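Dropping a structure here in structure tokens format, bear with me for questions.
For reference, chains read A, B and C in written order, and residue numbers begin at 1 within each chain.
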Amino acid sequence: MDLLNAFVALANFVLIPGIAYGSQLALGALGVTLVYGILRFSNFAHGDTMAFGTMVVILLTWGLQVLGVSFGPLPTALLALPLGIAITALVMLGTDRVVYRYYRMKKADPIIVVMASLGVMFIMNGIVRLIIGPDDQNFADGARFVINAADWRAMTGLSEALTLRTSTVITIVTAGLSVWALFWFLNKTRTGKSMRAFSDNEDLALLSGINPERVVRVTWIIVAALTVIAGTLYGLDKSFKPFTYFQLLLPFFAAAIVGGLGNPLGAIAGGFVIAFSEVGVTYAWKKVLGHALPDALEPEGLVQLLSTDYKFAVSFAILLIVLLFKPTGLFQGKSV
Amino acid sequence: MSAPFLIGEGMTGGYGKGPAILNDCTIAVNPGEIAVIVGPNGAGKSTAMKAVFGMLNLHKGRVLLDGEDITALSPQQRVIKGMGFVPQTHNIFTSMTVEENLEMGAFIRTDDFRDTLEQVFTLFPILRDKRRQAAGQLSGGQRQQVAVGRALMTKPKVLMLDEPTAGVSPIVMDELFDRIIEVARTGLPVLMVEQNARQALEIADRAYVLVQGANAHTGTGRELLADAQVRQSFLGG
Amino acid sequence: MTDRIKTPLLFAGVALLILLTGVLQSWNSALVILNMGLISAIMALGVNLQWGFAGLFNTGIMGFVALGGLATVLVTAAPVPGVTTGQALAVLGALALGAGVIVAAILMWQHLRRARGLAVTVTLIAGFFLFRAVFDPAVALIEANNPASAGNIGGLGLPALWAWPVGGMLAAGAAWVIGKTALGLRSDYLAIATLGIAEIVIAVLKNEDWLARGVKNMIGLPRPWPVPLEVDLQQDPGFIAQAAGLGLDTTTASTLWVQLIYAVLFAIVLAILFWLVERARHSPWGRLMRAIRDNEVAASAMGKNVTARHLQVFVLGSAIVGIAGAMMTSLDGQLTPGSYQPLRFTFLVWVMVIVGGSGNNWGAVLGGFLIWFLWVQVEPLGNLLMQAITTGMTDSPLKTHLIDSAAHMRLFTMGLLLLLVLRFSPRGLIPEK
């Protein structure tokens, strides 16, 4: 029995990956929830838009690498991020102008707008595959580890190693900053408050002289920023593959619904609920339990509840439970 | 007599392409006055107010604000022209704090609105205490105060209230009426639709009884309260 | 009146496109397009039942298609030697046990008054470990049995035609479970729930090797009666003589003949399902469905149980999709879980329904043929386009990249088509009357 080693193993395999993944999901779910709150439809193109934005960042990163620009120990992609966000924001504003605005003016049924988002999804997916192809792309550079296993063992003398990858630290820091900036914007600025007002009560917002088109534009720009950041962090942490990004739609939606659609705080909480459930259920607990329990009780099997291939089932199960027992989510969401 | 500050004159119209709900209906209000629209259910009271506010298609008639013809303007444009409107329901931002609600009321203003905020807090002291609370958590009467306060934040030239006392208790209703009188005393014209005809007529400087979308009786509140026919048909004797 | 001319004209147009493929490319390609077109039309019919009739937004079509495919494997594949009845029963028993635990939990939730949260949680956790205790050893035995060529539970070895209705039933069962939980909530919740279930179905097919060999794929599934094998035809003197009489070599003739028989078989299924769906449309039930779609509040105010009707139509529509999925696996003769992609199997069917005309069965069928044709033909067209664009270019990585990426033009084209139809002809090519 060795609780310290057990905790290190837990931190290394569950807590740290869970926090990193949760941050990525939270940023993605925030995008879904903001579009839902302001534009009032479920955006099925979100995953593919994320793939698009990340692709732009990857291309810019490659360009910078060719030019010999580097960001020291940090990944070059972070330098490419602002321009990537700007380009993606322009594309999203263009999409809104060409596709969504028409349905907004017509006050079309939300489900029709969802259909239109399917069309956007196809096009984004097609563009990404045309430009960068359907395969895995690795674009992480800079230092790989903040703490590697050997250093850790030398430092602490523990048998269990705690490794801290650069991408994990960057994910957590960047996501934290982004969320802080978003909430500062929503709660402290005039434009941010007008967005909340519009999401809360559209008619009254119009009566108060809030310009709906401006709110929509600002929303797309913020969503572009969140989406590109989420996609880049996910790509740095794991890898970039268009199809995987499409599939992230499910955990994003699950996180947004679990937290309460339209509620930004809920989206963040939902992201972490989904991430920790996924990691917890698909992790083989043998190692942690082996340290934590007396030798006599040491488990024989892997103590893995579900194989990692079933991580979607986890999002799905949580989604169903929430839909059945609390359809407005943990934090009160909209029920349009 | 000079033309009233705000007047909806000879209004005939309905929602969208639907049938006319108003028939040659005239509503007006002057500074310092409280004008009240009363009448039986379905008489078109709220519709008349919405017509003045531009939420209705007028086939005939016009709306003048301070002598300017605003018939063609959208509700949003009328807000900018100085009309403050408090809808009957969904009239606050429930997820936002009281203070934020008031700030949103001042959204179109580019000048410093802290004075107005102070005035609203003086008028409705309870809102100052609850300024950091989400408006959705307040009681019915307090929510109505937030709603009126939000409309006042635009520094309107005229305040329009659609059944401000719907669903609140009689005590709260009396308090709300007191506040509305206070608002009117500052010189701001107040136009309101009321279900509680008797109490409303008591405070009205100018009152309209509508029946089937047309003016049935017009006069001061006192005159109408004294009018035998009005008493019999609307006030239950 | 114009519809009477327009509909046959549109169908004639699609037929012409397929005939042109036969003349310009090969008759085999034309028949291959026709056969998948027939299957796509059936899928579109099922989705149209859900969307066009009832306004239900199902994004889990891929899952129902795959369940149909699974039915084909389980019904038609030959039994695996070495798998004992005991092992098979143990797996089935474990699955039944798992289902029983869930049912017990639901019953507890509904009937217990005190501490029901605790009781349900304990039941589910205990049930999960009990299930794993029975399930894992049985699965381990089955998967250890000759893993290179088998390792699965095996099929029943029954005729393939039986598999199609079973595919429908399997899909219907899954649809019932989903419908029971997600119908009655807001419309996009159903979309997200079905998107999830489809991913899970595919994950199960990929990972549960005991079921259908997972990503090792099931191949060589038997053909449905009366479709012969090409090799048999090529050795049949009568067939050789007939082929020679038509001036065809035996190999080509045999592939064409096989495709043609499939086409007839699928056309019969499509015709039967079409007739049934049309009948349903004109029945009081169909009118009620459309009344609910157009005004849910009014319908429920009139005492109609909207959720129950939605469940019916959701299950029926999914069953039709399941039948199509089973037919597709029979046609391919194999089940390859890795090839199930939502863009191809869920969202493409949606494009078919929207473009064809939601609410109109003729429209859905037309959309099935037309979109499938485009899906297949955009790739060579994209290739031609890219060749044309790059003719002036010297050989460079960019040129190779452009030519290689032509295959992805189809996704872009489908998206564009969907957006254009939604915007300029939202009721589709053959609108609902």
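To be clear about the criterion, contacts are C-beta pairs under 8 Å (C-beta built on N, C-alpha and C of every residue); 3 or more make two chains touch, one makes a residue touch a chain.
Just so you know, these numbers come straight off a predicted model, no measurement behind them.
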Winner on C-beta contact pairs when A-B is weighed against A-C: A-C
Chain whose average C-alpha position is farthest from subunit C's own: B
Chain occupying the middle, per Cα centroid: A
Centre distance in Å when subunit B and subunit C are each reduced to the mean of their C-alpha atoms: 59
Whole-Å gap separating subunit A and subunit B, where each centre is the average of the chain's CA atoms: 46
Centroid distance [mean C-alpha coordinates] between subunit C and subunit A, Å: 31
Contact set on subunit C toward subunit A in their complex: 55, 57, 59, 128, 181-182, 185-189, 191-193, 195-197, 199-200, 203, 206-207, 341-343, 347, 350-351, 354, 401, 404-405, 408-416, 418-419, 422-423, 426
Contact set on subunit A toward subunit C in their complex: 41-42, 44, 99, 102, 110-112, 114-116, 118-127, 129-131, 133-134, 243, 246-247, 249-250, 253-254, 257, 305, 307, 309-310, 312-313, 315-316, 319-320, 323-324, 327, 335-336
Subunit A partner contacts - residues on subunit B that touch it in the complex: 75-76, 79-80, 85, 87, 90-96, 100, 103-105, 107-108, 150, 154
Touching residues on subunit A, where the partner in the complex is subunit B: 190, 193-194, 196-197, 200-201, 203-210
